[in-house]
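Just below is one structure, and these are the notes that go with it.
When the chains are written out, they are named A, B and C in that same order, and each has its own residue count from 1.
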Amino acid sequence: MNRFIAFVKKEFFHILRDRRMLLILFGLPLVQVLLFGFALTNEIKNARIAILDNDKSQHSQQITAKLLASGYFQLRENLRSNTDIERAFRRGLIKLAVVFPAGFTADFEHGRNAQIQLLADATEQNTAISLTNYASAIIRDYTTDLNPTSQPPMVIDVRSRMVFNPELKGAFVFVPGVMAMVLLLVSALMTSVTIARERETGTLEVLMVSPLSQGQILLGKVVPYLLLSFLNGCIIIALGVFALNVPLNGSLALLLAETLLFIFLALSIGIFISSVVETQLVAMFASLMAMLLPTIFLSGFIFPIESMPKPLQIVSNIIPAKYFIAIVKGIMIKGAGLRYLWQPTLVLVGMSLFFTVLSLRNLKPRLS
Amino acid sequence: MDAIIIENVSKSYGEALAVADVSLSIRVGELFGLIGPDGAGKTTLFKILVTLLLPDAGRATVVGRDVVRDYKDLRQRVGYMPGRFSLYPDLSVQENLAFFATVFGTTIRQNYHLIQEIYSQLEPFKNRRAGQLSGGMKQKLALCCALIHKPEVLFLDEPTTGVDAVSRKEFWDMLRKLNERGLTTLVSTPYMDEADRCDRIAFMQTGRVLAVDQPSVITNRFRKPLFAVRAADTYRLIQDLRQAPFTESCYSFGEFLHLTVRSGGVTDLQIGQYLLDKNHRNIEIQPIQPGIEDTFMALMNQPEPTA
Amino acid sequence: MGKAVITNQLTKKFGDFVATNAITFDVEQGEIFGFLGANGAGKTTAMRMLCGLLKPSSGQASVAGFDVYRQSEKIKQNIGYMSQRFSLYEDLTVRENIRFYGGIYGLRRAEIPAKTDQILAKLGIESVANSLVAALPLGWKQKLAFSVALLHEPKIVFLDEPTGGVDPITRRQFWDLIYEAAHQGTTVFVTTHYMDEAEYCNRVSIMVDGRMKALDTPAGLKTAYGVDSMDAVFQILARGTSTK
């Protein structure tokens, strides 16, 4: 026990004395969460739009006012003709143009097929889709507010309907993703790098030629990172809830338990990596290539899995973060319990067991 | 019984044969030197003896324990200092020592008497990070860390490589003192001039042991006549001597050249005449006794036993 | 024949720590100049200043006729440098390494193949011309690194512990190359931990705690200190400083 405490203490010395390490450990999660939460959201604020009002009626002005009051849109200019639209788009002044045709009010009030044309700058595809979605929703709201009883006389086909995240809030999507990424990074990358470092300095040899068993050495290396990762997980959850207003609809205890499970999995992957690489540099690259990039691109963190090509969808099934993200979203946003989340949880448990067994089998009392 | 017994041990990495059929015994209380250049197989042999590597063939025991079967027991009993001083550069002198003491289930206080003499030199810097110590100091700290658990046999793999001549000398003085207290020590080194500090030495080259004996005895294996030669223009002297009909080999040795001649019949007078004919000035020639390095080089040049 | 290196009160401080303390010495063209000292005596710092890699804190120095403050780029073009860690790319072949460094040092494309063959023949390593450097024995790498450092026929070549870890014969073969380069007029500036190698130098300097404690021929130093080997001279001068 004494040995174990000495080992953990030593490991904390390493971490606390290495500024870069500290920065990665605690600066990174903070920056990531805030960066993804605030700056890189696919949420839209104050998008510049132009209005071409050929109707100049009360309705058209009220709809315009409602659009601008939403906070999503900001009026850049009022246009006079169709040619102005093209000019405005070309010069990149606006993201969206709203066109009220002449006779709009007449059609609208007589229940005919009244049309509003939404033109979006599709060079930014995602933004365009979001903008048209927002605008259509606001316009539809207007009609329902106006005639709560009657059928909406305006024909604007709004196909998309957002569940759970009606305003496409970015933080809801990114917080679980960042959590998965940071935990993987800290747990897997740090453990594999720190074990590789002992190998490089030759201290691992000395430890091996000591009464300590390989298992004890590993445990001593891993426990500090388990604690730190868990602390990190808590920080990210707190940041998400308090700074980014992500709801926590489900059980906090369950969320923490799942976080611990995921950390355990990440650590076992880290140990596995360290057992097959020789140097810190290789450990770093292996962790980044094998874990970070797939987590970013294939876990559904940034790109929806449904829109990936089939082969990549299949590959995404072996990405641990995919399951963790699903679990975190489930607990935080949907308020789901273990009854709904047992499947991804089971996958994580299975993966943990797999890598733990694999690492233990790689444990040899000797070099090479 | 001998402290270390190595019987026909071989080890290769893929195609490369690192240790080729080595047999050696090191007596209890001996300060034994394994001498040879990089790539001679010294480190591999060390790793087999400290239970870090399995031999492909042969067997070895350390203090009566088999290095393969009894590795757990053995690890309590040996002190090992690998090639590069394996210290934690971001831990202080004291923290390094305390950590290794705890790992081996002891404390600095308990075994302080073992390291006192060496550690007292480090004590003024005990709060300095190990990474900021000079080479000589790192070497001393690493030695303390290897000694702190009172090992029965000490394995030091190239402890003096890259360390300046003064620190090297001090280090050997320390090893001699430890040895006088009865500690069996196996040291490897690429520096030939350190051979004289050992009780017995083994020459290693490309995985083989070329010779084993006391340093003073081993030089007797050098059979050909040897001369130290000096003249005003060293560069031209080497060229001319190498082309001389009587020359077996000619190498620089400090301020002299060491000339080995083919047969016993060649005298210093003949050599002198040859050099005079080549217009050399300030010629000095004297027959000398071979040293460790002469012997090693002569043994290296022998045709290898057929594999 | 001018001086290859001239220094006057050359000093380098890192904060309060004086790594190199007002050293003054000259090195003749074509000389083999031994630069000795204990670990941490300031050798590496001094050498880096002379190679134009580090700006001195004070004092003057010129290398191959160029000022270390103002003409460090000129210096780099006129010196060769080989460190104990070599300078060769392990994952390139022998031929590729020579070609690469030939290009770096501004050799004309047409010259390189002839130069390459010349080096291979001199070192007797034609058989491994297309092998990766990583596969070569240490001694061969050292000799190749030295030859590469001489590719552009520099006026002076700096060797930082060039012979660590090799067998005594290979070590001497390396010194044969040094003698040959010096014989052809290249100045050789060399550090070493082997005291017998100090004897091979025309003159030897010994650094202690940032200062140059001695500078003379090996024979002169031995006479001055009344001992019979450079090792003994070194022990006398450097003693008591290794525990700083």
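Just so it is clear, a contact is a pair of C-beta atoms (placed from the backbone, for glycine too) under 8 Å apart; a residue touches a chain by one contact, two chains touch by 3 or more.
Owing to the predicted nature of the structure, the values given are computational and were not obtained by experimental measurement.
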Touching chain A and also chain C, the following chains: B
Most distant chain from chain A, judged by the mean position of its C-alpha atoms: B
Leader among chain pairs (count of C-beta contacts): B-C
Chain A and chain C: spacing of chain centres that average the CA atoms, whole Å: 55
Whole-Å gap separating chain A and chain B, where each centre is the average of the chain's CA atoms: 59
Mean-CA-position distance for chain C and chain B (Å): 26
Contact set on chain B toward chain C in their complex: 36-40, 121, 134-137, 161-170, 190-193, 205, 234-235, 238, 251-255, 293, 296-297, 300-301
Chain C residues touching chain B - in the complex, by the definition given at the top: 37-41, 84, 137-139, 161, 164-170, 172, 175-176, 179-180, 182-183, 193-196, 199-200, 218-219, 229-231, 234-235, 238-239, 241-244
Chain B to chain A touching residues, read off their complex: 47, 50-54, 71-72, 75-76, 78, 80-91, 95, 98-100, 102-105, 145-146
Touch list for chain A against partner chain B, complex: 2-3, 6-7, 10, 13-14, 17-18, 201-203, 205-212, 365-368
